[in-house]
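Next, two complexes with chain A in common: one pairs it with chain B, the other with chain C.
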Partner chain A sequence: MSVEAQLEAAAKDLLAATKAADAVRPDEPSLSLRPWMRKNLFSSISSVILTVVFAAISIFAYRGVLNFIFSEERRWDAIRVNLRALFTFAYPESQYIRIWVTLGIVLMLTGLSMGLMKSIGQGFSIKRISMWFLSSGSAIIGGLILREPSVLKHPDGTPVLDENLQVIRESFSAAMGDRVWWWLGGLVALGIGLGLWFGFGELRRRTTFIAAIPLTLGFIGMFISTVWWFKWGHYGTNTAGDIIIEPGRTVAATTKGPWTVMWFVLVFAYIAGRAVFTTKRAATARASLGLAWLLAPFMTFFVILRDPALDWSHVWSTHIPMALAFIIGGGLVLWALTNPNIGEIGRLIAIVLITLALFHWVAGFFGWYPMLQKARISFLLLGLAGASAHNFAGDARQRSRMVWGWVGLMVIVHYLATMINTASTLEVNGEFAGGFVVTLYIAAFTMTFSLPLGVMLALGRTSTMPLFRILSTTYIELVRGIPFITILFFFAVFVNFFLPEGMELAKLAAAGIGFSLFGAAYLAENVRGGLQAIQRGQYEASDALGLTTVQRTSFIVLPQALQVSIPPLVGGAIGTFKETSLLSIVGIIDFTRVANSSIPGQTEFVGVKREGLLFISLIYWIGAYSMSKYSQRLEKQLGVGER
Partner chain B sequence: MNTKSKLTKLLALLFAFTLLATSCGSSSDGESTAAPAADNASEEDNDDVELTQGDDLLEQIIARGTLNCGVASVSIGFAVADSNGVFQGFDADWCRATAAAILGDANAVNIVPLTAAERFTAVQTGEVDLLHRNTTWTQSRDSDVGMDFGPTTYFDGQQLMARVGDGFTPNSGVADLDGAVICTNAGTTTEKNIAEAAILAGVEITLNTFEDFDIVTQNFIDGGCDVITTDGSGLVGRKAEQQPADQEWAIFPGQPISKEPLGPTYGQNQSRFADAVNWTVYAMLIADEYGVNQDNVDDFLGAEAELGRLLGGEGEVQTAMGLNADAFYQAISQMGSYSDLWKRHLAPLGLQLEGSANDLWTNGGLMYPPPAR
Partner chain C sequence: MTNTDATVAINEELGSRDDMIVCDGVDKWYGDFQALKDVSATIKEREVVVVLGPSGSGKSTWIRCINRLEQHQNGRIIVDGIELTNDTRNVEKIRSEVGMVFQGFNLFPHLTVRDNITLAPLWVRKKPRGEVEQLATDLLERVGIPEQADKFPGQLSGGQQQRVAIARALAMEPRIMLFDEPTSALDPEMIKEVLDVMKELARSGMTMMVVTHEMGFAREVADRIIFMESGEIVEVGTPEHFFTNPTEDRTKLFLSQIL
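Let's look at the complex of A and B:
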């Protein structure tokens, strides 16, 4: 055989092997247990050793965690009694409907978003679902055997002690007998898993898929249904403030009802989203949903939860006329400025508008004449809109788009500014929010504000204008060089010393601003990475089309750059969500602070801290993990990283 | 250019200036959108506050209708959020009693939890009117820091706690600490006090500090610390709640190693407000001198002499202070006397009023309110 023939044969073999591998990988037949273990766990001496060592470590860790959770020393009733304090803190119980409405809105948007998402992949295969059941069943049964037997207790709940004052544990067999319900649960899970595994054939269990979202909704529904029949226990305080602990009951009706409604809201929103998904309106629906998500934190927090005490005569005499003046006047100005034939005079008007707006701010700083802050903000927005109006010049349709955009912006700005500026009817302890609500609020606030600010900083840093570049670079490098906790202390404790006379920032607002300013600097660097990934050709092509800088940036560069930056941006969002726990250090009663300080300080639960920390870890983890799952999905959907 | 576009330009300019006029004419208050939860009274109220700003704090509070009172964010028995998020405790009730005296309503109080680092800043910036926040009355705080102190509501003092099994008894002293590992929480004066006491007694100790006292106590239970030290009130509570079945703890020395007089704290040079705060404390102590408490105060309404004056019978003394004639009746009927507060929050922790420094002077304690006349 000649060398060439050999080479050719080798190449053919290689090609065939690659093809076979490609063909096989997605449908590789699952090995039966023994070959699988031999291949993955015991393939060589070293892997045998590693498997044994790490299996032992995992078993000991699992045993330790179980013994910790089920220890007779654990005071889980501290968590159950304090659930209200943990999640909503001092929010008055009579106003709880506001919390449910807020949650309902968030779940409705979630459901609609899930319905409108493109499906990725085919969902979960029967094989995978069966593996879940098998592993959870074996985890439960393994845990039953591993966990140490329970402590013997007197009828009043105190442990029985021997002569050395040590607790006495029941025998192993008695412990197994006590855990009969757990056994049953574990065996049922195992049974379902085995049933699915063998009920479907080798091929069918790999090729039968169940859509991920309906399955998840079903599981959530099953969990929520337990409030109706499982005796979780009735924990809480009565009107006199005494703690009620009744373990043998199902949860209170005020918990059952709303949660069931919430599940239905989620499911119906998903079905509605799914229905819209197939119509031509899906893109519009998705865009309006994005806007709704942006507005939701402000609407729910400042309007629904805060319940501003509006003075209607003042609203009619001042707020509404002023908003109308800006809407109509500003709309006409912009209509004129988007006229393609306006020429040089348009630029002049824009300059006059910007000068006027800046003058109002200077005058406000020196206190020359009074003006509502929102009027100053509106003037500034009008100036900016005027300056960029020529980018939207065109026929009547294009011009009216700009004007309607302005009308929408003004309605939102004036509505929210009025609401935020009106005192709440619900304030307790200086703030009306505490616990998990604060955690969520600060996280949402930071994400909403640091994104536009960070994008602006990134554009400034990559700008060719030296002033913008230097200012942005200085800001980014300055903030990135200061530890976050220092910035937070400054904003939460000392910022009121530096504000003009008569102006005062609530601690929560100050902390939110500190979070946003800090987050923006890091976000700017992530976005800058995205900007640098845009190929030069994109810029040249937009120049060749005759686009202006603003048009090029907002229609060509930014959409691509933001898409590339999604993974780090979501990473940043997860980071922000977890960093909110630092609020507890500056004296804001957030989720961590309730668990770390308030509960261990209560006379009934002195020093009970580990339970609370474990519980909040679980909640933080659920939040962070679902965000990270969502970002993985988003990456797949956008094809980032597959180019 | 045609006439139409010129017209449009003119119109645009005209509107720009009409806008300016509208917004100037319709807005006369300088409130800021950047302050969501700040004090946002309506225009008229704002003007009133402007006028009185820098004037008498007592009048400001009465005009405002709420008292802003700073408490510790967590101090077992003194101030802690309950499972409904409402602050409860000895200090929180002093805030409510002060509000009842000044405003006639114990609920007209905004209880603000403050960390140790923030407390004086909060008073200086006006975020709170006063502190009932475990603040020790010291020379430098009274002068340099710019605070004024009211009558002590709780005489505390640093003590130590150790296991009886290690040979400690309630009669032990600092001299018995030789070689012991002593734990306390970081960043407080307790650390300095025990170090100084050990030097004075000539014993060698190892000092370990932890982030907070929950961790200190846990280390003590687990055997990582031989002795723990903090204010006596804290130790008694820990012993009552956390002593395991197989250990016995002893608190010593009988005479604390430091003096910690805790009481109301407020900004300097607000005499009328200070009088109102101080006399609320005195009134609740005087009530105990006469055996008056929350339940029986109505029986004493027509009483003679000092008690009658205090409860508003001849109200000139209170009205001269700028309070309502029945100010202290309101405080006592809504919140109780000094011993009522004690029974409600400190007795459940195992703290004994009888025989302690906090008992009335008639029982050998240090509480000696001036006469009400």
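Let's look at the complex of A and C:
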């Protein structure tokens, strides 16, 4: 090698080295324990006082919680025995495979969604994970010392009493001796935490990341594996329909297989999602997954869980021909109406359609001739779609989009109308199921139905059309001025008195409608906030380009308004999820009702309420917290608030 | 209004062309405040008219009345032979003939640059998608930023955003372009790139009405300058007449303040 070449290579190396050095952000060393404490806990006299006060408060609170949870008076076996009741109530055990299939579908969609997520982030750093272990280890050991010693008991399990009939507690050292397994667990956690902390160097500790989703899946797997060796609980009904409690039979005996399958479904769905993520079809997959999520509640609830008692000859002779007539006829009409050259004839056809639809409603109201309700609804929808069709006219691709939208809408409307009016084969005491399943489905249906309704109301309230605006405003203000529980009572208890003769609404469906109508009013206000956040210039630019009002609303205004409203909308969704607990006071056996009435009503657990309420609070919290986390991620992804 | 020889000459030349915008006795009130007072003017085909005046003089109000972003109360506005009335179909027709560029760009932040441009031709003009995509590519080429097609407006500089806004307006193939202070919100180093696009547009024969404070642009590109103050048209003339030999005292005062 010549000298010049060597020099050149050396210069290149030097340049690369300086470049690399420039690129690295100057590293801020993390503080060791004492400086960290000085900086964050004891920086001034007032902070010393506050630290001491709050430390004392948290220690006392922690002690109180521990003493409550581990008190000898607690009947935690009420939860263990009633796990099945809490989640599905009296769902027939012979049909339990339906629950597993539903759960499998939900977990499959969850896994796929996680796999297809646009950004899964860096994950958790080693520093963070070691902090988890350190804090849980210290929490366990702290708890061991703080918790009061156990009550002394006779061999038959009754507590030993002193002369004042007070329970006697063992000595502190004996208590520590009894809790040796807890000590071991706490020390192991601390050891793992310390090992991770010191085993990894300063920089690696902060820059080594473990992907969050696989880690979570691993933890879930570890938890599920416990059903193979830990006896949880079981609950069911005997042939006479009476509640029986079988503490001897464990959930592990019947559910360890299904739970393990569920975990594998989740993991394989995630792996499949990751595999599709890298291909070109990821966007399509994401869109169809969204659709699947939208349809999943209806499919799983009406078909799988409810097992409809369909009269197939009627289905083939009436339901399907009618749906096909609307799909094909309506599709052809809309295809014609979206022709850009149709001109005035289009408006004329739309007016005729709307008149016809309104006539059907009037005729139905006066009972002039009978017609299935869903035909009336379909006619009205066709009229509305026809009236707005000219806004979506264009080339074949744009036209087919509207026609396909119509086909989808009709399939959903006819499917739902048929299913709601079909009895279930599994009805138990008037309601086919209860427990957490009811809570989840009412929440899902409310969210699905109140969103479009709320958006319509918000648009109505901000509209310039006086009638539309007054109607929407009246509705919103009326509903917001009435206590929710009143509305719920009306729908769950009295609504059947107001329905036309021959029409009956299941209590659950009625309550769901009440929830949706109520939720829509609040949702409308949230969306209105989003609408107001849109700058005037957006409207002006759309107008200046000649967009019609419908086009402006659907292409420019709504997409931006909904994006801005994500935080309040998720807040509303969390609220709905928790408010479903009100179902328990209108006679529906939901999650809260099982914990608050069913379990305390069992002979074995008379009056045992606190355990159940604490347990359901934990489950509600997990649901609400994951929703909140998901919305934070969504906001970050969409860049809300950082334009 | 006075006529110098140059003004006479240009009026004769313009007389042979079609009228694109005719305003006749236009009045506009905001509450009790009269923003436009008896504004009458005619803008011919392929003419570039620059409207000057101190702020609050009604320039923007006037230009926004021409595509009915603001409604006038008295008088008539006739654009390309169609009178602006409350008939929404007329309004839609005129808006699709008249392109507008705003001071604040007003791009759609949730759509890519390409979708910003193709949206209106697709859904308003009902053109096939392939043709519209090609049009967008050509227009971005014309305004000098073909490489930005797939970015979002928020990722572009102000000058680039305003050029996208011009391309978006041009995608409707308008017969008239209105510019409402297109460079006022831009940093000085970006003004030129936008003005260059506008100059090219003027040379291509577009009928343009421009509200601006860019005197250099007015002097170089305008066929006529209209000077407004307090909602009235004070003086109309060629740039040469306006900058070198204005007749009205108020015009002189304005020029002495800004030059």
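Here is the rule we use: the second predicted complex is superposed on the first by the 590 of 643 C-alpha atoms of A that agree within 3 Å, B and C clash if a C-alpha of one lies under 4 Å from a C-alpha of the other, contacts with A are read in each partner's own complex, and residues count from 1 in each chain.
Convention: a residue touches a chain if its C-beta (ideal position, glycine included) is under 8 Å from a C-beta of that chain, and two chains touch if they have at least 3 such contacts.
No experiment lies behind these values; they were computed from the predicted model shown.
Novice: So, A:417: does it touch chain B (first), chain C (second), both, or neither?
Specialist: first
Novice: Quick one: classify A:84 as touching chain B (first), chain C (second), both or neither.
Specialist: Only chain B; A:84 stays clear of chain C.
Novice: By the touch definition at the top of the document, which applies to A:540: first (chain B), second (chain C), both, or neither?
Specialist: A:540 contacts chain C only, not chain B.
Novice: According to the stated criteria, A:393 is in contact with first (chain B), second (chain C), both, or neither; which is it?
Specialist: A:393 contacts chain C only, not chain B.
Novice: Tell me which of chain B and chain C touches more residues of chain A.
Specialist: B
Novice: If you stack the two complexes on chain A, which partner ends up touching A:551: first (chain B), second (chain C), both, or neither?
Specialist: So A:551 only meets chain C here.
Novice: Between chain B (first) and chain C (second), which, if any, makes contact with A:48: first, second, both or neither?
Specialist: The answer is neither, since A:48 touches no partner chain.
Novice: Need the overlap of the two footprints on chain A, from chain B and from chain C, as residue ranges.
Specialist: In the superposed arrangement, which is not itself an observed complex, chain A uses no residue for both chain B and chain C.
Novice: Across the complex, what residues on chain A touch chain C?
Specialist: By the definition above, chain A touches chain C via 340, 391-395, 397-398, 535, 537-538, 540-541, 543-548, 551, 555-556, 559-560, 563, 643.
Novice: Over in the complex, which chain C residues touch chain A? Could you list them?
Specialist: Chain C reaches chain A through residues 67, 69, 92, 95-96, 98-100, 102, 104-110, 119-120, 122-124, 126-129, 154, 165, 168-169, 172.
Novice: Which bits of chain B are touching chain A when the two form their complex?
Specialist: 1, 5, 8-9, 11-13, 15-16, 18-20, 22-24, 26-43, 50, 68, 73-77, 80-87, 110-115, 117-118, 121, 125, 127, 212, 214, 217-218, 237-238, 241-242, 245-246, 345, 348-349
Novice: Can you tell me which positions in chain A touch chain B when the two form their complex?
Specialist: 81-82, 84-85, 88-91, 93, 159, 161, 164-166, 236-237, 241, 243, 302, 311, 314, 317-318, 321-322, 325-326, 329-330, 332-333, 336-337, 339, 341-343, 345-346, 349, 352-353, 356, 364, 367, 369-375, 377-379, 382, 417, 420-424, 427-432, 434-435, 492-494, 496-497, 502-506, 508-509, 586-587, 589, 593-594, 597-598, 600-603, 606-607, 609
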